[in-house]
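Each structure below appears as structure tokens.
What follows is a pair of complexes built around chain A, which joins chain B in one and chain C in the other.
And then the complex of A and B:
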């Protein structure tokens, strides 16, 4: 057996006999279990809410169809209700859950999961009905403990707790000269000790994650592998960080402080700072200002259309159409409103895009940000997917308006058959898998870069000193 | 076996070792005597490759320690003042670990027990966790390692400091066995009495320099003590 294998075997034996490993693992398992249970419960509720919204669309369509069947008789023409007109069409667009919704329950609540779409709705209000309402203050204060939180915040603590004294234990107890006098290089000691911790800390954490995801979400093998790979990479980064701290620390206390300081900096401080930088360089548009501007545009459109309508009323003696003029006027008003809204929204959208670009760039600031981003992408709760849904919902609204316009132009009424066969239906189209893989690879790349930086600093430290003890 | 040539080491302005020439042959025990700061431990650290010499070189069995420290250490066993073992492991497990690192083949439990027994570790203590071992017992595990490795060079840095007289006598008995087996031994110590008893050669060091060396049998214990005190009083400026 070579020296590296002997070091790994002995370290495993020492760790297995240590009293800290079992409580640490039990605590981590309990947290994972709780987070997965929370995530699964949330995902079930979310799934039920989405199903209810889709049911709502079906029920509305059935109701409209029944109304049409009751109204559509020639003698009833004077008593037509609203259901017979194309302007009464009503749809729901929903964002289906991703493959691993249990991973990041908390994040998804920031985005609308559905839109209510009908021809005359203003495009900036289609998500209003399904935005999250007021939350329980306890939930708001504590945040949700989801698996992403456990992995991004607590997995490093588990690894640091098990490896903060990777070498400082020996240094503090005066074993260093005795160990280094053996015919083994310091690098081999470090690698052997780190490998043992990878086996007893990182590998089981990844296995627990895989098991929990398998039980709660049953994702595809590729997604599961991606989650496992990224978690292992993140865990290895923190192991490398602990090893690096041990190259500099003079005793276990210093090493522990170094590890905690690093955790605070990379997991807590840098993400907060990154957000601060984004706020400074590319602040988010003021939502109140945006709402007011859009409302003003809508009012302006209404006023303009009324003036135009007053100026050009229908000539005397012309036969009354099937669809009343007021609906056509309203359609013109809505179209004009949309033109104004599109123009008004443009600067806010550009501001949004700029902010997103900065946030994308800033995820390279810490492995914790990159890992969180990757987990959100795997969960399907990432901002890119949410924005894609919003764009598709807006595009669907335009389709509905075009369809309505055809009915208005042809003065055609809706029929029961239209509801039976011809109604459009919103289907969310996911981004191409290459796009998602590219983003995940970029996140993994950030973690690898940080890991390489650790290795470079560690190698420099080892090269500058023949041993740890000069 | 253990050689230094014009070996020097400075720490900033302080010259810890100044042009040391040593040549310790197999079967020889060289005892370095001197006050604290005389350069004894620095010499050992340079031979182990823990420190880079400012000038000169250190050779172990002809291998330049700086050029290939790991290969040089394969031929060495270092015994510090405090041998620290992993407290969670038994004496046998500790020995298996360190012997394994040194590449000792066939580390079966029987052979490990045999080496521990030769080094004087009681059979009842072999499987006990080393966390409860006395200093003397830990030194014996280190000696067992020397036996297991058949180390050709021993570097001992005040190995008996803090040992009770019986343990100290036992340790020196084991040391003589190693010498008889052909090991070259360099020992830094303050124990004049034991040094004279076990050493082949004694060297007196002061301010990083080897002042003089002589055969241990050429001086009586009293003469050695007087010589030592004379040299040290010069060092202290008395």
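And then the complex of A and C:
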């Protein structure tokens, strides 16, 4: 058996005999189980809410169809405008859940999960009904214990708790000179000890995660592998961090302090600081100001179209149309309103995009942020997906408006056949897999870069120590 | 040992520990770091509060302009167009933003509907937003206890500290006096930090100075003092009970993780499980369902208005709607608004009752963490909690109702029979109602702080008892 294998074996035995390993594993398992249970409950509740929204659309269509079939007569037509005029078509666009919603709620609660679409609704208000959740703000403020929280925040603590005395233990017991006198390099010692901890701390944690995800969400193999790979990488980063701290610490207490300080810095302080930087450099647009601007635009559109109302009205003597003229006037008003909205929203949208670019960039500030980002992408609760949905819902509204315009131009009423199979349906299109993989690779890249930085500092320290020993 | 001798020994222990504290480089760095972070957080919060206050004042001015610019419009259309109101920021929320980021500071008021507040600062974030910002409250509630753990874990444990302790005991000090001495020294340093933070917060909130402000600030600082002393007492007891510094550090960190990280997250989630909150979709579906069962205020021919119509005709002693001296549609709008407002009020009452039950459940988690008592207490005094928000919403709803009913009454009294389209100057019609929300007075907040204060006092008593126990065990060993 070579020296490396002996070191790993000895270290494994020592860890296995330690009384702390089993409680750590059990605590982590319990936390993962609880987080997955919470995540599954959240995902079920959200799924039910999405289904209810889609049901709402179906019920409206069914009700209107049955009105056309069973109640509509040429005499009572005016009472069923909602069923027969294309201008009253009612749709719901919903953002389906991703592949692993149990992993994290991510940004799901900060973006709308659905849109209510009518041809004449102002495009800036289609998400309003689904923006305001009823969740207790105290729960949101406390933060959810989901699997991402356990992995991003607590997995490092598990690894640090099991590795904080990786080398300082030997130093404290006076074994360091004896060990360094052996024909084994310090790097090999360190790698052997780290490998043993990777096997008994990182690997079981990854296995627990895979098992929990497989049991609660049954995702595809690729997604599961990606989650496992990223978690292992993140775990190895913290193991590397503990090893680095041990190269500097004089005793186990100092090493523990260094590890906790590092955790605090990378998981709590750097993200808070990064958020502060984002607020300073690219502040979020003021939504209240935007709303006021849009309301002013809506009034302008109304005033303009009222002035042009006479010009837009139909010449007298022409046959009464199926669709009343005031709906055509309204269509003109909506069209003008949309132009004004687009112009008014542009600067706010640009500001929003700039902020998101900065937030995206700042994930490189800490492996914890990059890992959280990756988990949100895997869960399908990331900001990019939510924004993609918003763009698609907006495009769908414009499609519906174009369709309505055709009905108005042809003076055509909706029929039962339209309700049967002629209505457009919103289908969310996911981003191309290359885009998703690219973003995940960028997140993994950030963690790898931090790991390499640790290795570089560690190698430098070891070289210095070697010179000192020689 | 008599009282005078005890005092003398205690004074010596305090002096010696104070010197150790001053000489310890690690503690100086840690203290300076936490103090610097608290100061930065306070200054950043003050700048942010000013920005938000200015923005809301500006938004309110623009909104009023938009409302007035409507000119002559259909009053019911104006009720649908609605108004926006902005929640005033309370001065102490700079110190403890509480739930503010998740409450939203803007509310749309419109006819038929009661909206929830919108534009939360947490909306539209990215992965980074999940970590949350850095507030003075975070520094005082989470980081300072961590500093206490780091600072005090070696007070008795570890070879050097143990040797010093045995020497002190040999010189005539009792373990309890040693514990009390160390407690007093650390407590003095902590109270110094607290006074500095409080003074800075008061200076940054100079524009809000009043007796109420200082009363709330003083109570808040008292609560933080109780909390920190509790943590200090527990950490000192741990260090006195454990031989090695490493065990003391791990136990102290374990206490911090459970009480400052896990319990504050777990308790609200468990409370939500115990008293479930409906989803927004369910809530709106229930409200709309109940509203739809009632008559439609937009449709005077709705058969469900028959009884109301009959009563109205009887009241005005006429036999036909056309003969009424008022506009019947306006009357129906008025009646419909009252019905929907009642329905909304009932459902929101139920929702807020759930929130209250959850808050009471979370407060029970004070059994495992003193932070669970401090958080509601601190945010109640800062008026950044749910009851303060609800207080604002109640005032906004009263204003909404008055505003909409004024518009409805304008139709009722001024729209004459035969008028195909009716328009009135909505700004003139609604000039009589103004929205001037007032925050809770300190006297109104105080009853809510009694239970959390009780918990904090109980925790401090528990910490002192634990210190007594640790001292008793040391005496046994001595």
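Operating definition for what follows: the second predicted complex is superposed on the first by the 442 of 470 C-alpha atoms of A that agree within 3 Å, B and C clash if a C-alpha of one lies under 4 Å from a C-alpha of the other, contacts with A are read in each partner's own complex, and residues count from 1 in each chain.
The definition used in the following text is that a contact is a pair of C-beta atoms (placed from the backbone, for glycine too) under 8 Å apart; a residue touches a chain by one contact, two chains touch by 3 or more.
Being a predicted model, the structure only gives us computed values, none of them experimental.
Bringing the complexes onto one copy of chain A puts chain B beside chain C with no clash. Residue contacts after overlaying the shared chain place A:123 against neither chain B nor chain C. Residue contacts after overlaying the shared chain place A:382 against chain C, while chain B stays out of touching range. Once the two complexes are laid over each other on the shared chain, residue contacts for A:3 go to chain B alone; chain C is not touched. Contact with neither chain B nor chain C is seen for A:43 once the two complexes are overlaid on the shared chain.
Shared-chain residue A:18: touches chain B; no touch with chain C. For the three-chain arrangement built by superposition, the Cα-centre angle with chain A at its corner and chain B and chain C at its ends equals 90°, in steps of 10. With both complexes placed on chain A, chain A has more residues touched by C than by the other of chain B and chain C. With both structures placed on the common chain, the touch criterion links A:178 to chain B but leaves chain C unconnected. Judged by the touch definition given at the top, the superposed model places A:216 against neither chain B nor chain C. Taking the two complexes aligned on chain A, the least Cα distance separating chain B from chain C is 16 Å. In the superposition on chain A, no residue of chain A contacts both chain B and chain C. Of all residues in chain C, those touching chain A in their complex are 26, 37, 44, 48, 55-56, 58-59, 62-63, 66, 69-70, 81, 84, 86, 98-99, 101-106, 115-134, 138, 146, 150, 154, 158, 245-246, 249-250, 253, 257, 261-262, 264-269, 271-272, 277-285, 351, 354-355, 358-359, 362, 386, 389.
Chain B makes touch with chain A in their complex at residues 45, 48-52, 66, 69-71, 73-74, 76-78, 80, 82-86, 88-89, 93, 97-98, 100-103, 142, 155. In the complex of the two chains, the chain A residues touching chain C come out as 38, 45, 48-49, 52-53, 56, 106-107, 109-111, 128-145, 148-149, 153, 157, 161, 165, 252-253, 256-257, 260, 264, 267-269, 271-276, 278-279, 284, 286-289, 291-292, 295-296, 299, 352, 356, 359-360, 362-363, 368-369, 372-373, 376, 382-383. By the touch rule above, chain A contacts chain B in their complex via residues 1, 3, 6-7, 10, 13-14, 17-18, 170, 173-175, 177-178, 180-185, 466-467, 469-470.
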